[in-house]
Amino acid sequence: MRVGLVGLGYWGPNLARNFDLLADLAWLCDLDEQQRAGFSTRYPRAQTTGDYADLLADPELDAVVIATPVPTHYDLAKQALEAGKHVLVEKPPAMKAREMDDLVEIAAGRDLVLMPGHLLLYHPGVRKLKELVDSGELGDVLCVYTNRQNLGIVRTNENALWSLGVHDLSVILWLIGEDPVEAIAHGRDFLTEGVEDVVFCYLRFPSGKIAHMHLSWLDPHKMRKMTVVGRERMVVFDDMELERKVTVYEKGPWKQSEAYGEWQTRSGDIHIPKIDTSEPLRIECQAFLDLIAGDGDRRTVAEDGAMVVRALDRLTESLRA
Amino acid sequence: MRVGLVGLGYWGPNLARNFDLLADLAWLCDLDEQQRAGFSTRYPRAQTTGDYADLLADPELDAVVIATPVPTHYDLAKQALEAGKHVLVEKPPAMKAREMDDLVEIAAGRDLVLMPGHLLLYHPGVRKLKELVDSGELGDVLCVYTNRQNLGIVRTNENALWSLGVHDLSVILWLIGEDPVEAIAHGRDFLTEGVEDVVFCYLRFPSGKIAHMHLSWLDPHKMRKMTVVGRERMVVFDDMELERKVTVYEKGPWKQSEAYGEWQTRSGDIHIPKIDTSEPLRIECQAFLDLIAGDGDRRTVAEDGAMVVRALDRLTESLRA
Amino acid sequence: MRVGLVGLGYWGPNLARNFDLLADLAWLCDLDEQQRAGFSTRYPRAQTTGDYADLLADPELDAVVIATPVPTHYDLAKQALEAGKHVLVEKPPAMKAREMDDLVEIAAGRDLVLMPGHLLLYHPGVRKLKELVDSGELGDVLCVYTNRQNLGIVRTNENALWSLGVHDLSVILWLIGEDPVEAIAHGRDFLTEGVEDVVFCYLRFPSGKIAHMHLSWLDPHKMRKMTVVGRERMVVFDDMELERKVTVYEKGPWKQSEAYGEWQTRSGDIHIPKIDTSEPLRIECQAFLDLIAGDGDRRTVAEDGAMVVRALDRLTESLRA
Amino acid sequence: MRVGLVGLGYWGPNLARNFDLLADLAWLCDLDEQQRAGFSTRYPRAQTTGDYADLLADPELDAVVIATPVPTHYDLAKQALEAGKHVLVEKPPAMKAREMDDLVEIAAGRDLVLMPGHLLLYHPGVRKLKELVDSGELGDVLCVYTNRQNLGIVRTNENALWSLGVHDLSVILWLIGEDPVEAIAHGRDFLTEGVEDVVFCYLRFPSGKIAHMHLSWLDPHKMRKMTVVGRERMVVFDDMELERKVTVYEKGPWKQSEAYGEWQTRSGDIHIPKIDTSEPLRIECQAFLDLIAGDGDRRTVAEDGAMVVRALDRLTESLRA
């Protein structure tokens, strides 16, 4: 499988390293000549270029991996799909729901892979959450809430919803599998006008499930945590833990007596399953190659990505209201 | 100071114990005869009665302490004030903003103490928060958020907002000292129809400050925590900690360069001041007696209580919308 | 069952409360008249006396519970046994191994219960440890170590070994079930001459197992913890935890290859079983009554107690050397 | 400054990277040709060789850095010193006290630097401990104890004392600055005959201070922790913490009343100073270069190293007894 990478900045090096191991890294593209020179030494078998058209014009190139700044994602992804290339594009693949729908349609029409780089979906801990939800072990899922808080990089061009929330949202929607009927965001821009630093999001789904995100880069705590409250069991994924990423609580509320409608709560054992420590990005890159090879459902992957952009779009509207 | 207590159930015994120590516990009133008998043995100097009118008719009685079920608070408090008694009433003192305004007006008209039993306001850890906010040590307060979550008592007659949120709200409003311009609540009633188990509240204030509450009794974590994010420092009050109730983080965001508008974050020392371990209820009861004796600002205490009921009222409306 | 209690000080009230519930609390004995008066009001059915002989002379009295200062234990226990009474005596029952052997012999000769009040042995968390050890789930037990550290009450008449170590030692010897072949203690008396504040103990057993105790009341940490390292699994009992008293680690070392003699370590799931929250003292008192009634092995209980005193005796000698 | 490195295995690459940045990395020496080839590509300016004599014969070479297996340290260090080179040698520099004395003497005779690579002594958190001890802020130091426990690499040629204990011992002796009058070790070889997996060490010093080390690679906990108990304050260095490496407890015992000889304990504020996150190895390498340049006391550094080997030697004897 021949793969071309565009965008060698912040995240690009990690993608280069993985695709060099898993596939044939054929092209490295960046506008910055010095960046290209550095990568050329490390990956001598790859061709380098400053012109994206070179990748699209290569008839032997199977796939394009896009790790450029967010505002360029849609355009570059569209060009690649139209040139008949499979596409892995960093999140979010587009900034408007209708742009993403556009990409999904083109990919579907040509039966190409369109995969957004939602890294968390390939984290073994999050996959454990999904497995617990899907197996019914938790009972009905009532509520999913996430905390992504820290005193960290304060962006001035992208707010906490787009910068932090996209991670949690991809997981929430993947676990619940529904488009929300209500999507409300509140927040404030304390440091840079128009760029919210603290955002709270509330989602309600057709099935009655609810979700919440607490997003902030002005916070004394360092949290990357997701909690799933099921009627039978509850699960927490805590990405700040080293050896206790996933904790399953054998506790839940249950109705003691139909007659009186009284609720009791029940506590029980706690179980911390060992979670595979494989690099999530390695798994993600392999999943992309597998989709190209025909393993997995490429249609669903693209549509899940569209669900995320739709929700981000609606939350942004709510935040601005 | 002669004090009469009405309501000997859940919280009443604690109030009896404290007022017996700090003042002259003159009357014990409850509809349940057995309850009265038990208390009579323990507090032989107090008179017991099943008739609230006995307290109001006692010309020597200075104050009435009300620890009956919530729906009765307003009525009993009103009667006491009209009988010329000072009143300490468990939270919330009323279930509607206009009822609370009514009580505040009567108390003001007769210059009587009307104090809601907001226990957290008398917790030495919360008082430390207040001191840090008021001294300016935190810099501008940007955001206050609270977490009150647990798998605990599931009430069927009072939702998480009224049962859990009243605690946090009293502190948020005390720290910020403003009526919110926006008060929005989201939540769901999973166990008992019409009684929300999980509630998220967002408040925005005239000064631009914001606040958030995460309230739930369907949760694997046991949290009773308040975080204050200031522009210079951040503080956390964690009531689940035994010896580390208050943590001050010497970190905050700050603008590095006016020219580029870039923000940097700064981390620093962490300080955990020793917090007095006095019983908050003892301090609360003493504060009530002090107010009666003329120490402290009785008008502000009543008005702070009214601010809490107003906010609860608006949040309830938002939740029902 | 008619029970008499001698010693109404520090621990006595807890014993009185429990035996009043579980049996017929017939006598309360203390030299202090005021103490007796207070207890008399609370337990009107019990007779009070300042003369221990009154208990021994009561032919209807089945058992004596001794909660007096440590130096009096041996003598009071001996008198009670000689008067034909079953005995529960606070730890340690004697300060010298030969005194304890004496008590065991008298009890055995008259087939009386002689039970030392080793509270931890009745803690549901410690019983879980014992169950895991005895079932073989841990594999061979290699090492047991305990940490009992704090900045707490500094005694001036009893060192950390006797004051703190007696708890851990009772558990270690119960889990391992052997008299040590080596018993070495090191420590220092920083605050009061001759009274060690910090003590480290090392024990080696005939089977090759080892144990260690770290005992201190000059410590910034508050620890009450026991760790059992088995060849297959490891278990921790942490009495400072509220809901996570016992943690089982599915990890251990194992030999990968016989050929090279290389060892690998293996990590795995972590399991935190729900532990019954019954009051350990209630269980202890009931166990005493059961032994009198003929349930359980009264001989073993006395002999286990003797093993503890023997080890304390040897460790004290080592510490003084 | 021209530096030659011998031993390119486990730790060598880290030393190469740092000395390449801080000095002139002139020689790379290893018996393994493939290792040399790999390093040669990365450090093209350095000469490579399989013959240690090449380094010693280079008259322009100022210093030799030794990162070979432990049993070779003494011999290689001796040769280097005799060839007039300054020496940085991984810990421990020798396996016998008299060998280390030998090295110290040669270095002193020729006024050469002989620095053992005790990495922890250059950790900013440990330097904070030292500063707190030396400034008198802790009051008299009473006890230092360390915990280095984990389920980790199980060595078959080096026991837990030499493999883990050397780290803690270097810090304990640096903080206390005395040769112990008592040095006792207990432990057991559970996995490989003759190689202790669990070791407890007790040290007593002329000043009356004591120290203890708990060393194990058969443990469910992952601990790298040092606690210093002073009469006024207590400090903990916890290397498993990310942002809370050093915690200072404003608490200590103090004598309330001379008359009764009673001790009280005092609790107070907790302070967590921000610790510089510089790489300790960078600081260590720079310290070596500084010593060569004449900054710092090269005599003390060598003698501190000798104190460590002497203590290890005595503890080993005790363990074998």
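Which chain is which? They are A, B, C and D, in the order written, and residues in each are numbered from 1.
Methods note: contacts are C-beta pairs under 8 Å (C-beta built on N, C-alpha and C of every residue); 3 or more make two chains touch, one makes a residue touch a chain.
Keep in mind that what you see is a predicted model, and the values were worked out from it rather than measured.
Trainee: What is the chain whose Cα centroid lies farthest from the Cα centroid of chain A?
Mentor: Comparing chain centres, C lies farthest from chain A.
Trainee: Note the rotational component of the Cα superposition from chain C to chain D, reported as an angle of 0 to 180 degrees in steps of 5.
Mentor: 180
Trainee: Roughly how many whole angstrom separate the Cα centroids of chain A and chain B?
Mentor: Centres of chain A and chain B (C-alpha means) sit 41 Å apart.
Trainee: Could you work out how far the Cα centre of chain B sits from that of chain C, in whole Å?
Mentor: Here the centre of chain C sits 44 Å away from the centre of chain B.
Trainee: What is the distance, in whole Å, between the centres of chain B and chain D, each centre taken as the mean of its C-alpha atoms?
Mentor: Averaging C-alpha atoms per chain gives centres 54 Å apart.
Trainee: Hey, what residues on chain D touch two or more of the other chains?
Mentor: Correct list: 243, 267.
Trainee: If you look only at chain A, which of its residues touch chain B in the complex?
Mentor: Checking each residue of chain A against chain B gives 142-143, 145, 151-154, 156, 184, 186-188, 190-192, 198, 200, 202, 204, 208, 210, 212, 214, 216-221, 227, 229, 231, 234-236, 247, 249, 251-253, 255, 261-265, 267.
Trainee: Using the touch definition up top, name the residues of chain A that touch chain C in the complex.
Mentor: Residue list for chain A touching chain C: 243-244, 250, 267-274.
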